[in-house]
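See the structures that follow.
Below, chain A partners chain B and then partners chain C, in two separate complexes.
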Partner chain A sequence: MTLTSLTPDVAYDPTQDVHLQHYGLAEQLGRGTWLVLRQNLLVELEEFSAVVPMCALGLLVVLVMSLVVESGSPSQLSLAAGVLWGGMFLAGPVGLERQNSGPDVHATMTYLLLSPLPRASIYLGKWLFHCLLMFCTSGVSLIAVAAFLDAPVGQVWILVSVILGGMGFSAAGVVVSALTAAMKKNQGLLAVVALPLTLPLFLIGMSLCRTVWSGAPWQSFQHWLYLILLYNGLSLLGGIWATEHVWREWQ
Partner chain B sequence: MLNSSWARLHAWAAYLLIVGMALSLWAGLVNASSAINLTGAEQTAQRIFYAHMGTNMMALVGFLASFGASIIYLLRRKLVWDSLATAGVEVGLVGGLGTLISGSIWAKPAWGTYWTWDPRLTTATIVVLIYIAYLQLRNGLENPQTRGLFAAIYAVLAYGTVPLTYYSAIWFRSIHPMMFLASNPQAEGEFVTALGPSMGFALQSSIVVFVLLGLTLVALRWRMLEFDGRVRTIRGRLI
Partner chain C sequence: MSADPLTLGAPLLEVRGLSKSYGYRQILRGVNLSLKIGECVALKGENGAGKSTLLRILAGLSQEEAGQIFWRCQELNFRQNYVRSQIGFLGHAPALHGALNLEQHLGLAARLHGIMDPEGRVRSLIHSAGMETLASRPVREFSRGMQQRGALCRLWLPDPRLLLLDEPDAHLDDKGLTFLESLIAQRRAAHQAILLVTHRQDLISRWADRTLLLRQGAIHITSAASE
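Presenting the complex of A and B:
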């Protein structure tokens, strides 16, 4: 093999990478996060290999679980809350699995880790990407719950809780997917490891939706929202801290 | 850690445990007054409460040991701390499962069912599931250093759910009785203030004995894991 055969097709301008270091930390983080998010989005938009199976699974879970809910029963809305969050959370690991499996993932990560990007921006970029996947899945689950169980999903606090829930799930899930991606035999393990960690969020979110749908005033469910925010904050901080260690090991 | 003074300490802890466990059993099963329910009937099954609280404390000791050892591992990167974290999780799981099983046995006569989706029960189950997942995560990693690092990170994150179990009965509508320093109007009684002297003694002795049991088991298992690590290292050199 000659050296010329290793020359990339597109001219590589190293200043494009290193000039990130001229910015302040906040701007470096912002730009780095955007670069990682953009890279993930471009890969996803080529094949839709994560969002389609996630939405399909979310829809399927809602459909199957709706079959056991007796139509018109007094507990229908209460059960709908569980069905909605069940659909979101069972579909979530699919996106995480796709994000960290495949032959190119380790190579991509190696390049990302060699780049001058702040490590936190790699985590934040992946987190934002998975948030977008979760929003799509949540949207499908919401529509399905509205269609199959007559749940009033358009209420503001339901939408807020679902968005925050997706963000929290992604914050914890990206860390776990980084942990399991380093394993040789990790098939199916991601869901086993990620779901227990995110179960508190599932319980809180489900209780919030149940309370909102019962017609209770803001004072009755505000503490659920604060708990979701607390979970999200802790998961994000924990994620930034943990992935720093995990990715150092990848190198 | 592998020398004879540790072995002697373990032996003494074992003798102390035998005496302590006998005392605790006597205090809980014989000496403590019977609990009486609202209809005035005696609740013999309530005596399992002493073991229930004890195993719960044992779980706390194990998980706390795992949390502390994981933080030290992240700072020092010595496998000896990884072994302690694993030992803590294993003992914590035994305690956690003991709590769930003893609670279910007690729930049947008290609540009329072995299981109810009460927040305290649910969160306690989540904690057990999380630590089972911890062991699964360890099994999937071959390199000891990587395994130690990833397991330590997971253990630190997982420990966040342990306080959740405690606070769940305060935050959520729970029928589980409150134990310490908190009240919940929906809970069925507050034990600490309702306990008489004989019951209080049974509870305290049970907590002390099970904490000691947890510490001893963690130390023994830690020692076993260290021996196991040494055997593996020697085998690796020979083969």
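Presenting the complex of A and C:
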């Protein structure tokens, strides 16, 4: 719609000393994602407020759960799969909570929403940052599972599944976390809401690891990998779509 | 910024029938206002009258329920990112992360806005705010007034066409107020528009061309700023 009834009077040349570069949508998305990720990394490098508690919790969960696994039992590796994914998924919400709550984070988010960048890039930047946190936590959990339960964690498909699992958890978790932050709800609600959303990923990942450690061929676990990829794709697309609505009303 | 055909006195922002409620509480009931290029307008009203809500809607942080907003005679669409680079908003909180320093904040903002020579622009703003010695200290070590000055620096960084200032004088000491005044004078000289919320009549008289009074969710009175 255009207003035509209003007419200008005095002409002037708006000489500006600030020159802005203009980018295409794809470039805006890429730049915005990188800048949001960079900002989160800067804050984390100053405070280490997310990665340290996440890794510590991941290690603690693996340690405590390992205590109840009988050493040398035939089901040891099967249980190790549950311990590994349990450690990752219980530590994950800590990073989401640190990344999306508190007055500092709220302040930063307000400025990002005022900035000329696609809102999808805010989501993608936060997602990538949480992926990095999950990779660190997964690394600690893998080492702990190898140390306490003698699990052969160096196998390629184990590493691939853990990396993809971390990405999927982050994709779903960042949306839930953004939702609770936008609603100004207690982030304690986060774990309750995130759990049912990420439970399928937890079960798939656990089944995949158990199958790989049982020595089964690729054909017997490839469908689990495809399911993780499907989960990740749907979560990412859903996240990009949902955050546009979640952040429309920012208090 | 490219030299687009902006004209002094031409309409920049036009709001028609804007309404907003939170739950059952109607905050804005059909607000109408207009702002021309180069104009500074003060918005007054009692606490809870809806001034901040109106500014937040105009900044794209909140969604109106009814009404239309026009930006340079075109219906405003916040999905168009360039619109957000032309509207600067300063709310009650300075929106700075305590762990980062001022240089980091301004550097990030400069890159978000795609400013060419971001380092040069950041340096010149920090210098004009007289904050060189503070620039590398985490913002959490700043007083509230210093944070406000930092937020003002960031607001001016992309040189927005419209400034939405919600009590920008809050927490500022005399030095800070002088800085704010000089920025407003510069922006007015560059024919940029300002919509200002403040309770201080002396500032309104000095800075604003006219005053709007928001009462019971609607603009009731428009008058000369000195009145």
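For this structure, a couple of remarks:
FYI, the second predicted complex is superposed on the first by the 225 of 251 C-alpha atoms of A that agree within 3 Å, B and C clash if a C-alpha of one lies under 4 Å from a C-alpha of the other, contacts with A are read in each partner's own complex, and residues count from 1 in each chain.
One rule holds for everything that comes next: a contact is a pair of C-beta atoms (placed from the backbone, for glycine too) under 8 Å apart; a residue touches a chain by one contact, two chains touch by 3 or more.
Everything numeric here is computed off the predicted structure, so don't read it as measured data.
Residue contacts after overlaying the shared chain place A:Gln28 against chain C, while chain B stays out of touching range. Of the two partner chains placed around the shared chain by superposition, chain B is the only one that A:Gly238 touches, whereas chain C remains out of contact. Judged by the touch definition given at the top, the superposed model places A:Leu41 against neither chain B nor chain C. When the shared chain is aligned, chain C comes close enough to touch A:Ser115, but chain B does not. Looking at the shared chain after the overlay, A:Val52 reaches neither chain B nor chain C.
When the two complexes are overlaid on their common chain A, residue A:Leu189 makes contact with chain B while staying clear of chain C. Once the two complexes are laid over each other on the shared chain, residue contacts for A:Ala107 go to chain C alone; chain B is not touched.
Considering which of chain B and chain C touches more of chain A, the answer is C.
Judged by the touch definition given at the top, the superposed model places A:Thr180 against chain B, while chain C stays out of reach. By the touch criterion defined above, A:Leu63 reaches neither chain B nor chain C. On chain A, the patch touched by chain B and the patch touched by chain C overlap at residues 249.
Remark: chain A residues 1-4, 6-23, 28, 31-32, 35, 38-39, 42-43, 46-47, 103-105, 107-108, 110-118, 248-250 touch chain C in the complex. Within the complex, the chain C residues that touch chain A are 1, 3-4, 6-11, 14, 56, 59-63, 68, 70, 73-75, 81-85, 89, 91, 93-100, 104, 108-109, 111-117, 121, 138, 154, 157-159, 190-191. Of all residues in chain A, only 172, 175-176, 179-180, 182-186, 189, 192-193, 196-197, 199-200, 203, 207, 223, 227, 234, 238, 242, 245-246, 249 touch chain B in the complex they form.
Note for the complex: chain B touches chain A at residues 74, 119, 122-123, 126, 129-130, 132-133, 136-137, 140-142, 145-146, 149-150, 153-154, 156-158, 160-161, 164, 171-172.
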